[in-house]
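What follows is a set of structures for review.
The same chain A turns up in both complexes below, where it pairs with chain B and then with chain C.
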Partner chain A sequence: MSEAQGYQKPELVCPAGTPAALRAAVDAGADAVYCGLQNATNARNFPGLNFTPAELDQSLAYAHARNAKVLLAVNTFPPAGKFEMWGEAIDRAAKLGVDAVIVADMGVADYAARTHPNLRLHLSVQAGASSPEAIRYYCEEFGIKRVVLPRMLTVAEIAELHRQIPCEIEAFVFGNIGMMAEGRCSLTNYVTGLSTNMDGICSPAADVHYEEDAERNLTTRLGEYVIDRFACGESAGYTTICKGRYLCGAQTGGYYAFEEPVSLNLSALLPDLMRAGVTALKIEGRQRSRAYVKSVVSAFRKAVDDIMAGRDAAFASLLALTEGRRETEGAFPSKRWR
Partner chain B sequence: MSASSRARATPTPLQSLLQNAPSLLLAPVPLAVLQPLFTRIATHVAQSRPELFARLGPHAGKRFLIDPIDLPFVLVLTPDATRPSLTAHRRHERPIHDAGIAGTFFNLLDMIDGSLDGDALFFSRDLRVSGDTEAVVALRNALDDFEGSALDSVVGSFGLLSGPAALALSGLRAVRGK
Partner chain C sequence: MQSQTSEITLGPVLFNWNPENWRDFYFRIADEAPVETVYLGEVICFKRAPLFEPQFEAVASRLKAAGKTVVFSTLAEVMSKHERRLVESICAEPTALVEANDGSALLQLRGRPHHAGPYINVYNERTLAVLARGGTCNICLPPEMPAAAIGALCPEAAKLGVTLEVQVFGRLPLALSARCYHARAHGRTKDSCQFICENDPDGMPLRTLEDKPFLTVNGVQTMSHDYLNLIGELADLQAMGVSRFRLSPHSCDMVEVATIFRAVLDRGIDTAEAAARLDALKVGAPFSNGFYYGKAGHSWDRPRPH
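Take a look at the complex of A and B:
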């Protein structure tokens, strides 16, 4: 199969938490790299991560010299009375010449559209826009050019959506798969007082604690709450509430009540996504290392190129990089994935 | 071979012996003999990559216990911008620290060098973290932004010993099955 047989070559959108990771992504074949500034304006506001304005400037030069785009995530929600930091991030993005800004908040989108009308806007997954009506509204009001879809739609639903909206579609194909209500989750806020959506931190590391006993059984805590207990040799997951294992009356023993420690991997569905009208394939993981970026981007680059050339996509195993050493196609084939 | 499959592969008896070679060879060596080497590593990284300390933010100056579980000593790293230190201690000394990171020597080395993913090592239980998790995350992210190979940079700073040191490391990597 090839472009002539119905495939449009998708853009491979890859994560970078540091300038070194950005270079690794570009060198591995990313068409675009997304990143954030070192503050609460992005949803991966983790210690030691992200870019200073000077680093972003240098990284733009590196990427553009190699025909890769740089997208800046300004995808958190400003608390009332604290808009200034978000406005500054948008201004800086425009000044430095990023290829697009990924926004979630309507106020931020409105500010960007009015202040920098030539700045390309993408709608973050954090906006949680999944219906044609909602997406069209963002397009009409703020000039959104691309929507990053929540990880709750089947491929068939994406294809139908594609026919009803006036913008491009970006879909996640690999990485973290959390609660199916992006931009609405307040579980971390409930336990730690910090907000994923406003502070950019899910499960802040300062509140994460690991205890391993003499038999190498691992207990993970967020604040004072036990999130999971992993037996010796059992693969572990992130210390996020949505991936916790809990005792509840309806189940025997510990039960993953929300979601299991598992990563999304849609490598087998790439042709279907490309046929469904997906313009860009997104890899999650700005919090991961440059080793992760290099491996995952290389694997997807080769797979996309194989498909476009009419070859069977020979896909390298990425299981060793997945959370809990397990992978899933989530809701993409069917809503009944659990 | 992937990170975890490499970490979990069952070694042959010869590989096992060679993999344990660093521990066996280093066991009788007084730490005072090794300490100048560790001091040089800390000084070189601080001088060649001062921006590392900016990424560490408030965690620069904290004490990180680095525990290569297959070596006969542990290290305490204090990434202070003005007085960086990397000191070796016998395990029973239980040196004071704020955060701890434990794994095999080569897993730690490859993570620092940007060829293994720290989260993946944690998922596979090949990496243990204790104490101040935020400090560990900051250190991991700071080291991951190292341009090129941190290991090559450090080995290259050994002057006349660079060649033998690189040769020894590549030999050990080869028997490890990389």
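Take a look at the complex of A and C:
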């Protein structure tokens, strides 16, 4: 029996950038779907993404009718003088009956805890709480019920952490992997004037420019800085500063100073994560298409169910969906990644 | 709003300097620099902390003897047992004034007066109030805070008796990671780094593929290439109610930097003269002040004379 093997059945938490993606995720077997409003209150504030209040209301009805939860990400940091928009997002979440709000800013968490004491709070990865003490701080101050862990811990460290904190753990298992500690990166703002923390924007499309030369080499520029250059025929992914190529004295030619353009894929580690006491498995990708969401969610749904039933989980189809068709287990298997 | 006296503070040395140079740097600061508060401690990498341990007490004593307030800074990124132990050892000293740079330090300092460093995300009034009720008495704001938000935060800080501090000189801390990029550039990992970062007293330059200077690697930290310089904005910051102005140490003449900023605060010299003297330091990189104006951080509006 799976229970005897020490598995706890995890909740599958899936991304939705649009109402259509939300329905696709729910239909494909998501236990919970997370989404954001169409403004700076969430960390995927991209044009064409996210939900109007009416769409959120309808999506809640759709999800709840099918026994799925909806989590609202209000996970950016309001600058002084503009707190109201974040307060309104929290009020709306409470009024519409979302199942939990994902917060990062201490002020937003405090507002939610005091104004809506029955609203369930999850701590966003953007809060960057990576130690038992930091997590306990948020639990004690704001009654946080679940922490979304930064993508920098090994499975062994997660298991150890699980024993030392008073809340549930949600861990990323698939999708884009940022190299910088979430909530602690101003690189985009440094180059473009738009802040990841305050505006919810990373590598804004409007500031990305592609230039092709006579040999069909492609140069990618963010603002005035060249972020990468691809030889003709080389697969060019959407480039963020932390996955670009640069020059330094210790290297000959351009090298990936921070990380190569790879995606996180922990499918092979799922049984280990489930044994480590992870309550929820999170799939990244609110900016991805409905078809992508459907494929990834279906694959993970089947895998979790297979593992729970004592069968081997197969994941071959997922590789085609990873960024640049290259994947990594990131920090999770061992400390050597650091 | 200008109710308090303005102080120049010296942030922690963020780079892996030779321990003897590190000690001598602080001895000279103690003897010559017009700074009121000095932050001391390893913020970037727990592996570096033992290197400075033998000099630590002599440095702290010398600074205190010179009348400086010494504040002990904690690590910005805390995850492993070693990192947690380092933070714990600093917070465990009951009489020490500590600057927290992550949530684990906040937990351990709650209930007694302490500082919150620039690696704690304090962007708004409500977050400031949360920290104030836990004992935070001074907050060094994140460097990407624009003037409008700093101005909006000042009244709440004044009301709650929290002093606000803003970095005004030195490379901008832009990002942190679990991975060491110094080690990576040299084909090593954090565990096998052999302290390769010790060769770069102001960090390791990263250039774009067009050979344009861009970023600076400092272990797990990524910084700007250019040096933040808010010499032209000091008067505005004072008028808003900011009372502490942080210089982030570099290998250039920091006594001269402190002297220049002090002179402008005291209206001893005008900003044009101060800007010219800062140019004369030849720090090897351009200055920037874009974040202050809500623009791209690397941009630079040369101070207007006033």
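Heads up, the rule we're going with is that the second predicted complex is superposed on the first by the 330 of 338 C-alpha atoms of A that agree within 3 Å, B and C clash if a C-alpha of one lies under 4 Å from a C-alpha of the other, contacts with A are read in each partner's own complex, and residues count from 1 in each chain.
FYI, contacts are C-beta pairs under 8 Å (C-beta built on N, C-alpha and C of every residue); 3 or more make two chains touch, one makes a residue touch a chain.
Being a predicted model, the structure only gives us computed values, none of them experimental.
Asks: For the three-chain arrangement built by superposition, which of chain B and chain C touches the greater number of chain A residues?
Replies: After superposing on chain A, more of chain A is contacted by C.
Asks: Would you check which partner chain A:Tyr246 touches, where first means chain B only, second means chain C only, and both and neither mean what they say?
Replies: Only chain C; A:Tyr246 stays clear of chain B.
Asks: Name the contact category of A:Phe83: first (chain B only), second (chain C only), both, or neither.
Replies: In the superposition, A:Phe83 contacts chain C only.
Asks: Looking at the overlay, what does A:Leu269 touch: chain B (first), chain C (second), both, or neither?
Replies: Neither partner.
Asks: Output check: A:Arg290 vs chain B and chain C. Expected answer is one of first, second, both, neither. What do you get?
Replies: In the superposition, A:Arg290 contacts chain B only.
Asks: In the overlaid three-chain picture, which partner chain does A:Leu96 touch, first (chain B) or second (chain C), both, or neither?
Replies: neither
Asks: Looking at chain A, which of its residues have contacts with both chain B and chain C?
Replies: None.
Asks: What part of chain C is in contact with chain A in the complex they form?
Replies: Touching chain A: residues 76-80, 83-84, 87, 102-108, 110, 119, 121-131, 134, 142-146, 148-153, 156, 172, 174-181, 184-186, 189-191, 204-212, 214-215, 217, 222, 224, 290-291, 294-299 of chain C.
Asks: What residues of chain B sit close enough to touch chain A in their complex?
Replies: Against chain A, chain B makes touches at 2-5, 54-57, 59, 111, 114-120, 122-125, 128-130, 132-142, 144-147.
Asks: For a test of understanding, state which residues of chain A touch chain B in their complex under the given definition.
Replies: 17-21, 46-49, 52, 204-206, 208-212, 216, 218, 230, 232-238, 261, 287-292, 295, 317, 319-325
Asks: Within the complex, which stretch of chain A touches chain C?
Replies: 77-83, 104-108, 110-111, 127-138, 140-141, 150, 152-153, 157, 179-181, 183-187, 189-193, 195, 197-198, 219, 223, 225-229, 242, 245-251, 254-255, 257-259, 331, 335-338
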